[in-house]
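Same chain, two partners: chain A is paired with chain B first, then with chain C.
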Partner chain A sequence: MNIRGLKPGTVFFMMTLPAVLLYCLFFLAPVFIGFYYSLTNWDGFSLSYDMVGFQNYIDILQDKRFLNGLSFTLLYTVIVVFGKLSVALVLALLLSRPLKLRGLFRSIYFFPAVLSMITVGLMFNQFFYSLFPPIGEKLGIEWLSLNLLGNPDTAILGIALTNIWQGFAIPMVIFIAGLSNVPKDIIEAAVIDGASPVQRFFSITIPYLIPMLTVNVVLAVKGGLTVFDYIVAMTNGGPSKSTESMGFLIYQHGMSEMKFGYGTAEAIYVFILIGVLSFIQIKLLARKEVGQQ
Partner chain B sequence: MMKKGFMKSGLAALISLAMMTAAGCAGGGSKNAENEAGSNNANSDGAPVKIEYFQMKSEAVNVVNELITKFEQANPGIKVEQNNVPNPENVWTMRVSTNDAPAVFTHYPHNPIFQKMAKEGRVVDLTNDPLMNNVQPAIADLSKIDGKNYMVPIGLATLGMYYNKDIFESQNLQIPTTYAELIETAEKLQAAGITPFYFHDKDFNGIRQEVVYKMGQTIPNVESFLDDVMNGKAHITDNPAFKPFAENLLTLRQYGQKDNMGTGYDDALRDFANGKTAMWFTGIWAIKEIKESNPDLNFAMFPLPTENPADLKTQVSVDTAIGIPAEGKNQEEARKFIEFMSTKENVETYLGTAGYPSGIKDVESGLPEISSLTQLISDGKVYPTIERLWPPGINADVGKATQEMFLNKDVDQYLKTLDTIFYNKFNQ
Partner chain C sequence: MKTRLPFRIISYAALAIGALFILGPLYLALSIALRTRDETTSNFFAPPTRLYLDNFSTVINKANFWGMLQNSAFITIISLLFMLIAIPMVSYAISRNMNKLYFKWVYTIILMGIFVPFQAIMLPIYRHMGNLELLNQTGLIMMYVTLSFSQGLFLGVGFLKNIPLELDQASKIDGCGVWYTFSRIIYPLMLPIIATILILNSLWIWNDFQLPLIMLNRHPDFWTLPLFIYNFKTETSFDYNLAFAAFSLSMAPIAILYVFTQKYIIGGLTEGSIK
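== the complex of A and B ==
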């Protein structure tokens, strides 16, 4: 491997150079440039702008709209993570049993994942407007007889429900893959020892699923914190300002209200938040993996 | 150790290289403009001059192509390329910012980003230019930005009340000419078990359009008053005209469908087209889709009535206006094209399909459904969209605040919120 006297390490590094270069240019550089703009009052297209230091960062912390957006996003994330993962886990357990037509069911349940978020958002818009209200009226349920998305208290549920319907498929597939890794001999030994199905589930299956759970939680949390498409397709941040997520606010400030510097500063906050949360999750869950004690 | 050090310095070099490239792109923009301006004698070798017509209306692509063919036959030395892209306003801003402006473009004079770019000198000033000679004076006036015309207004849009003619006939109802008659009509319809109005209050955009329209129509001198508020010299809560305005918004909702907050624009359009409501307030842009949803619907529009019929006027926004960038190529050819596009005959062809009213003198256009609105416009009983002077984002805030008022029905709180939205905005 010794090319013209270069050390092997150098040669290997040179081979990765095109990828590293592209990564730096299209992923790392924008992060740094973005950070630079977050220190300015640039409106997104003017030729001139001023450096304002950390003023944007200070203003954001006093901005009620940002804080509302933050609490909406966190609540939304909690609902979506629990919703998605519980549905995914239950379906994964069912679909791992030796069923007739198992392959067909797996494809059917995976189907929502191949649709685009905007499409699903627009579809559910119609469900919430013309399908659910008549059902709610027949059953005499007051809050269901109106469009869920038209009420500031229930709009978050409407969006979360849509996200869960579409988003459980990928974690489900990951769980199914994880379930096939649970050693049959240990299960059999547990059956012989008289362990109940519930005991087997919590003491054997769950520990083997922890790596999948880690991946799924990280992905779902990330998906929840950066929710944008559903909001645009379904409520546009409304009614009033009740469903403005962080991603939506960044877009609003940066693109619609011509406060690019301010929007970028918000994006940096979200970046830090997601980074910290992902780090904590991975650390916490990694400790529970089989063979890691 | 060697390897690590190499990688680190390599990475650092790459990052700084990338940042320098990007900084170069962002900072060095205006320098090459002079070179481009000097090189517009492209037809010295006999090849036709190519100009790009960047137009923002996807529904107009076919008719524009027709007009271009006609133009090219009359001007063999010029080739026009039409360009219609998704999200055209952002594309336009980006291209003009990076000195890649199309030779001729359409835009909206009330658009805040366009206004800002025009004030920065990015667009050719056409005030008193021969190109403006054919424009109706009232329309030239309301499409001014800080007293200057930057585009030739061709097509106009307005809003009004759609009504279902069959329902009105079956209930023996006349078109209301005062606000009181409008409420009376609504009461009669409600008594007959018909939903008088549909509102699409789920979208703050729809509410925003209604609010802006009614502010301009009913509050005296509202533009200069709001200007004072935004300069910190007045308060909305001190202006007695705002309370009745807000109460009217709320009163009309009593005659609306049950789930107005859950109804979006598309839902309302479909329900109006299917005869579920007698009236619906929105812009003339819905006509085409209503006809597509239900070709048999017998409908027309009337202007939103005022307290006193003598005050009747309608809000006009420019829907197609053509301009030239300050640093554009082939400006002479671009002017020729605009001149061609703004002649009476070609404007009639252009507006024929959409049926919009025109900003050009003596043009006969406008669908029969909107004849009462077209009449108001040619009588000069028009006013501009007052939101054109608001900083970006304010109109969305107004729409959202109005949604809140519809939910909690608190008019006083609404006026206070409006005041916080506008007060001292120019000094922040």
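== the complex of A and C ==
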């Protein structure tokens, strides 16, 4: 039947080949290579190195810098997840009202999401250093007149604010999509029964939003834990190493501090952390969806 | 339900304040880019008094902006061409052979890639690609195509579940082979999900900083726009009028595209994340 005389099974097999070959060569191979180097003390350029077993893994757990990086990354994730999702939810509720100009506002709000994080990060770095302080002084607002990024205690906020500015838009449109699923007749029935707007929001809108909320949390958590571009663009890990995220530490150790083996071991920890977290979250999400049917 | 007037006013006021927060920084960037250094120190918010374009021409002429723009466009377009053939192809083969061990394994193993954050393989990629002498644009394109498979397969196979098998069978009875059925019947039906894959990946590649940083940072001739803007800032950290001209220029292509295709971009990004 087939012109070239190949069996359907063979054709199907050949159709998977480009993906399978590329995936083995450029994805699985690096994963295994990474694990191999995590067992060595290779510095990244010498010709020789030793196998050190799990020494890197043990050292990392006692490494203050790594633990600081871990706690920075976790705190950052919490701030960004809360910040992004609350801004997103408020704007989504506003944009779900029958307003004439809502299309225009949605377009404006979404624009930062299509920009590159490195450009936005560099831009806000300039704002924080040379623009906001004079503006704050003129207006007499104290927190604005200080450079958030220049202080180890507040630098995390400067980065998080930038991330929220750029990152709330995608959760916002996901919430909008969720809000459009709330059945109108249920709300109308609630209005007739005399439910107040607040009651309607908590007993009707929120339950319908739960699946979208889960999606948004999964995405925002992953985004927070893997923050890298903003760090490079805005603080480069400083001041006094207070903003070194996990991704940034891996890069620093592997690419510029000649601790390649050590960096790959850190990467394995990050992989376990993020892999396990997203796996749990996605399992939870799947259960919710089944429960809904 | 019609919204009452006071509610409408409050809503619009809140939305307008929000829009100010979004547009303000962008306006500032452009306004600083259009000034000389002396003019900047006076008042950032006032509109520029004259059209001063020297900052832009400096970025374009001295910093090889066009070259970087071309690199970015080239890498994005070639990667997408490969993806838009390879992803639907492997998705189709897998979705029609889920009962066979090989296809099931390929599906499972590629999907597991979703759980591997890029930073976990960042260093080994650098080493591996260095060994293969692929720390160049070819290597970068291959990496993008490879890293797109996990999500692409997830979206593609999910979509194909809703395309009935009867179509394949009918086409088989008509004497069409697997490849003909795929390319003439299935592929056109997959266009909606292909569009989603196209939008998600084009924005990702165009804006990506980490892979180019790992793979191309030592070869200025290969730089993409994000890498260019990063290095440009490092080199000219004291001239921020120039820096903002570079930021504005690097945002311009995507801004122009956004004006015309925002409906599809917003739709594609939302759909890609919900699934």
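Quick note on the criterion: the second predicted complex is superposed on the first by the 241 of 293 C-alpha atoms of A that agree within 3 Å, B and C clash if a C-alpha of one lies under 4 Å from a C-alpha of the other, contacts with A are read in each partner's own complex, and residues count from 1 in each chain.
Just so it is clear, a contact is a pair of C-beta atoms (placed from the backbone, for glycine too) under 8 Å apart; a residue touches a chain by one contact, two chains touch by 3 or more.
All values derive from a computational prediction rather than experimental measurement.
Once the two complexes are overlaid on the shared chain, A:Leu47 sits against chain B while remaining clear of chain C.
Judged by the touch definition given at the top, the superposed model places A:Gly140 against neither chain B nor chain C. Of the two partner chains, chain C is the only one that A:Phe279 touches; chain B does not reach it. Of the two partner chains, both chain B and chain C are touched by A:Phe13. Taking chain A as the reference chain, the count of touched residues is higher for C when chain B and chain C are set side by side.
In the superposed model, A:Gly194 lies in contact with neither chain B nor chain C. When both complexes are overlaid on chain A, the residue A:Ser240 reaches chain B alone and has no touch with chain C.
Contact with chain B, but none with chain C, is seen for A:Gly150 once the two complexes are overlaid on the shared chain.
Once the two complexes are laid over each other on the shared chain, residue contacts for A:Ile174 go to chain C alone; chain B is not touched. Applying the stated contact rule after C-alpha superposition, one finds that A:Gln252 touches chain B and leaves chain C untouched. Within chain A, the residues touching chain B in one complex and chain C in the other are 9, 13, 20, 25, 28-29, 33, 130, 255. Remark: chain A residues 7, 9-10, 13, 20-21, 24-25, 28-29, 32-33, 43-47, 125, 128-130, 133, 146-152, 235-241, 252, 255-259 touch chain B in the complex.
For chain C in complex with chain A, the touching residues are 1-3, 7-8, 11-12, 14-15, 18-19, 21-23, 25-26, 28-29, 32, 44, 82, 85-87, 89-90, 92-94, 96-97, 102-103, 106, 109-110, 113-128, 142-143, 145-147, 149, 153, 172, 175, 177-179, 182, 203, 206-210, 213-214, 225-226, 229-230, 233, 240, 243-244, 247, 250-251, 254-255, 258, 262, 265-266, 269-270, 273-274. Residue ranges of chain A in contact with chain C, taken from their complex: 1-4, 6, 8-9, 11-13, 15-16, 18-20, 22-23, 25-31, 33-34, 37, 90-91, 94-95, 97-99, 101-102, 105-119, 122-124, 126-127, 130-131, 135, 165, 170, 173-174, 177, 187-188, 191, 212, 215, 219, 222, 225-226, 228-229, 232-233, 246-247, 250-251, 254-255, 260, 263-264, 267-268, 270-271, 274-275, 278-279.
By the touch criterion stated above, chain B contacts chain A in their complex at residues 2-3, 6-7, 10-11, 14-15, 18-19, 21-23, 29-30, 90, 93-94, 96-97, 112-113, 116-117, 120, 201-205, 258-264, 267, 392-393, 396, 400-401, 403-404, 407.
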